[in-house]
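We just call them A, B and C in the order they show up, numbering each chain from 1.
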């Protein structure tokens, strides 16, 4: 198939960017979206132009590196997948595809389609951990039985890959789904309960300081999340936060 | 010239590590504050090492080429992590894990290292649970286990199909705690381009800031390389696009020996290739082999019809299917080790029984598992005389609960429903057992330069068992390196800060800058990927799953030609002082082009078949790998002397005192 | 306002004020509905609400505060949220993942605010003027309670009824998202949430519809 691509080009963090139009031809429907981008880049290199920079790494939907806003949606129109798992069979011959970076004040563009997600790092550093040192003498892994439901819910929250699609899809650029996934993972486990109050306070404070917007419960993040992280996590974080603030 | 001394402690194997720990030199906490350690790579090995060393009090500088440690490719490990906990009471023990690993590695690993690995495996699970890793649990709230290839016990702990992710997030969280304390200084989007040696000791690195393009100098008292394997030498592999061998190769060129490069694992259950545009291959977890049965048509006419798209696999009668693994290896069946399963698939496909248009695929079929689970569920739910539809529905629900994310991934890529028609799979490059040579302390042949995780060669011999990579990465980082590095650093407490304005740093930096400038200024005609694909093609065709002398010799020559062409004709657009993805790739492919040659040279040297290294000349009568313990029970450690072709071979003779050397049989 | 310095606290405050207003709407509608079948009951109820000191001097200020707070906070949050994305997308397909109502609370809110201005000019200000400026606390006009007649009189002009209908349709949309959103903000999301959502949907249809019926009824029956 033949496609028209409108892609955001921006040379550097301080430069002004703009949408630039490209054409690609003879694209197979079995290609992944990023393989289509590879072909476009191969063509640009052949012409001596600078290829389009985009983040990607594992190309199997788990590292969370890829981050394209495709036709108005993070990771494109398909559900439950990352950009690297999006296949060209989702599109039709002759389509025009808009490709943009994540847009949020807290995610400044580094180059073209690559954004800086260090805000997520700082949020994690503010409390996204259990304070336990490496030791060969921690108690036995089976010493505390954990109800299967709690363990499963914790795993569901922990499945977050930190890609930032929640922020990108949110009309408010809110990072609540991301932060709540980490808060929930630990809040559901006995090991994480000890520091739960400090954790949620500190992580929320950092989230606010980074300049993310407020959650208005539109639910877009849950729909666009490639890992299906549930809004229940946001409710849980709200509860945890209230508990931590009141007590 | 450095001689190979593995520094394995004396004494019975069961006591070696305990005695070592009791007698090792320690660094006083106050002195640790004056010691800097560089950790390059932040996957399971690097991440756990960085966190543990920082907890101990050392000043750690950690480097990752991604924007976060959480994105290292350890995250893609699906199936699980082994530990000899014996929670299932099925006869597991440290010794059995040790035995399985050495046997699985086809007797080409170092006994003492593997035993230590088995010994600390239990502590890894304890540590991870304490960190909040949400392992799968049963209804009693206790940890669940599953089975992996090459073993007869259930010792694999897992977190859905995302075990690597959860373990990595565990060590990432431990790192975050130390980053917040200021004990780890994190350098995201930085790539190490060389190690700097001062007076024969590793004292720092040169790194490039991938955002600004700036070349930076970083000094430390010791340098730890944890940058993973070199599977991307094949261009197509299950590795991440950015996974590279640059750090490992650069330290090799500075004096670290490179061991057993030919020992590469081709994983049997990957999604087959679909076209030339393909950028990477996707792995389907080995855990699928717990329930999936592998087969090809037994009749050639059926195979032909399937290849032409005229026949559906579900239309082939049970008696016309060849469950070749169950046929050839009745004891282990579909759960034979990876090398065996891969070769068996290749054998069937080479014989013309492949099941897709390219003829390079076999079926992984869940129909009987769906039926089995469905009947069981019907019984549990008290449904009598359940119809076939009900049984199928119930069975599919069980399969979905176990492997849902993998099935979804398959369907998204292949556009075919694996619940209804069997999956198609084919082997692909996955893991590299070979790597930088290290001694018992995990130190390379360069003083103060350590190598851990997949990047080193030590624990998996010629073939790695499933769910053992995560175990090794975390064992090295959490429980081994923190002890062994202290022994070395105990002599460094008076050294003081290492200056970076010395001639050693000047020279290393200049060399790198010159090379980067060459790339930018070279007026070539082909992109970096063009050369990478060419290299990958040679590697897969001639140094792939089955190798022979003729092909290996050809491969060496062809790789040299591609390399020459690369340095003449590579084209890198853009500038030095900016984010430049093509420039990053150019440096990595330049190293792969050298490594590939050493790889082939090593394969040519090893005149035997063992594990992942299969030489067509050395097979038993029934087509199994034929080892030559008399002549090749050694680690081939190569010393760089200027060109891969002129590398000097050093042998570390492997001694097997606690395990009898036997022909590996899974029949 | 340091209590409200965090994003979650601000959301909870929005939710609490919303729930308060949701309850107020029920009471308001209940009084209005009486006008459909009995002018007398409506007059009695209106007089009680208009003169009871507890309602006038305790509940009314709280209500006014609640309304003002909800609006001010809503606009403040909207401004902050707009600022969290400094470069707009060239293409943003919000409809793919969320409802129009949830994304445009500020628009439905603004329409409701505009309506409230009319509503205050129509009812509340004349009422305050009569009671507290002119000091007439009797509620009488020509010997009868004036409330029912005033109500009917207001719904004579077509434009006002139309504005009324539009405003309440938007109120319905505002509630359609706001009702369940308030519970989510306060951390309520569990197995009972589907009940809350269903109830919220019914509420968002029934309450505005009730107000609309009252308006139409008096427009066509005066």
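Heads up, the rule we're going with is that contacts are C-beta pairs under 8 Å (C-beta built on N, C-alpha and C of every residue); 3 or more make two chains touch, one makes a residue touch a chain.
A quick map from chain label to UniProt name: A = Succinate dehydrogenase / fumarate reductase iron-sulfur subunit; B = succinate dehydrogenase; C = Succinate dehydrogenase / fumarate reductase cytochrome b subunit.
Note that the coordinates shown come from a computational prediction; the quantities given were computed from them, not determined experimentally.
Just count the C-beta contacts per chain pair and the biggest one is A-B. Core chain by CA centroid proximity to the global CA centroid: A. Subunit A and subunit B (succinate dehydrogenase) have Cα centroids separated by 26 Å.
With each centre defined as the average position of its C-alpha atoms, the distance from subunit A to subunit C rounds to 37 Å. Subunit B (succinate dehydrogenase) and subunit C have Cα centroids lying 62 Å from one another.
Put simply, subunit C touches subunit A in their complex at residues 5-12, 77, 80-81, 83-94, 96-99, 102-103, 105, 177, 180-181, 184-190.
On the side of subunit A, the complex with subunit B (succinate dehydrogenase) involves touching residues 11-12, 28, 30-32, 34-35, 38-39, 42, 44-46, 48-51, 53, 55-65, 78, 80-81, 85, 87, 89, 110-111, 114, 116-118, 120-121, 124-126, 128-142, 145-148, 151-152, 154-155, 158-159, 161-162, 185-186, 189, 191-192.
Contact residues of subunit A toward subunit C in the complex are 6, 8, 19, 69, 71-73, 77, 98, 100, 103-106, 109, 169, 171-174, 176, 204-205, 207-208, 211-220, 223-224, 231-232, 234-242, 245. Per the touch definition, subunit B (succinate dehydrogenase) reaches subunit A in the complex via residues 48, 51-52, 55, 66-68, 70-73, 75-76, 85, 87, 120, 123, 125-143, 159-160, 162, 165-166, 169, 172-174, 176-177, 179-180, 186, 188, 211, 238, 240-242, 274-275, 277-280, 282-283, 408-409, 412-413, 415, 478-479, 482, 527, 529, 571, 573-574, 578-579, 581-582.
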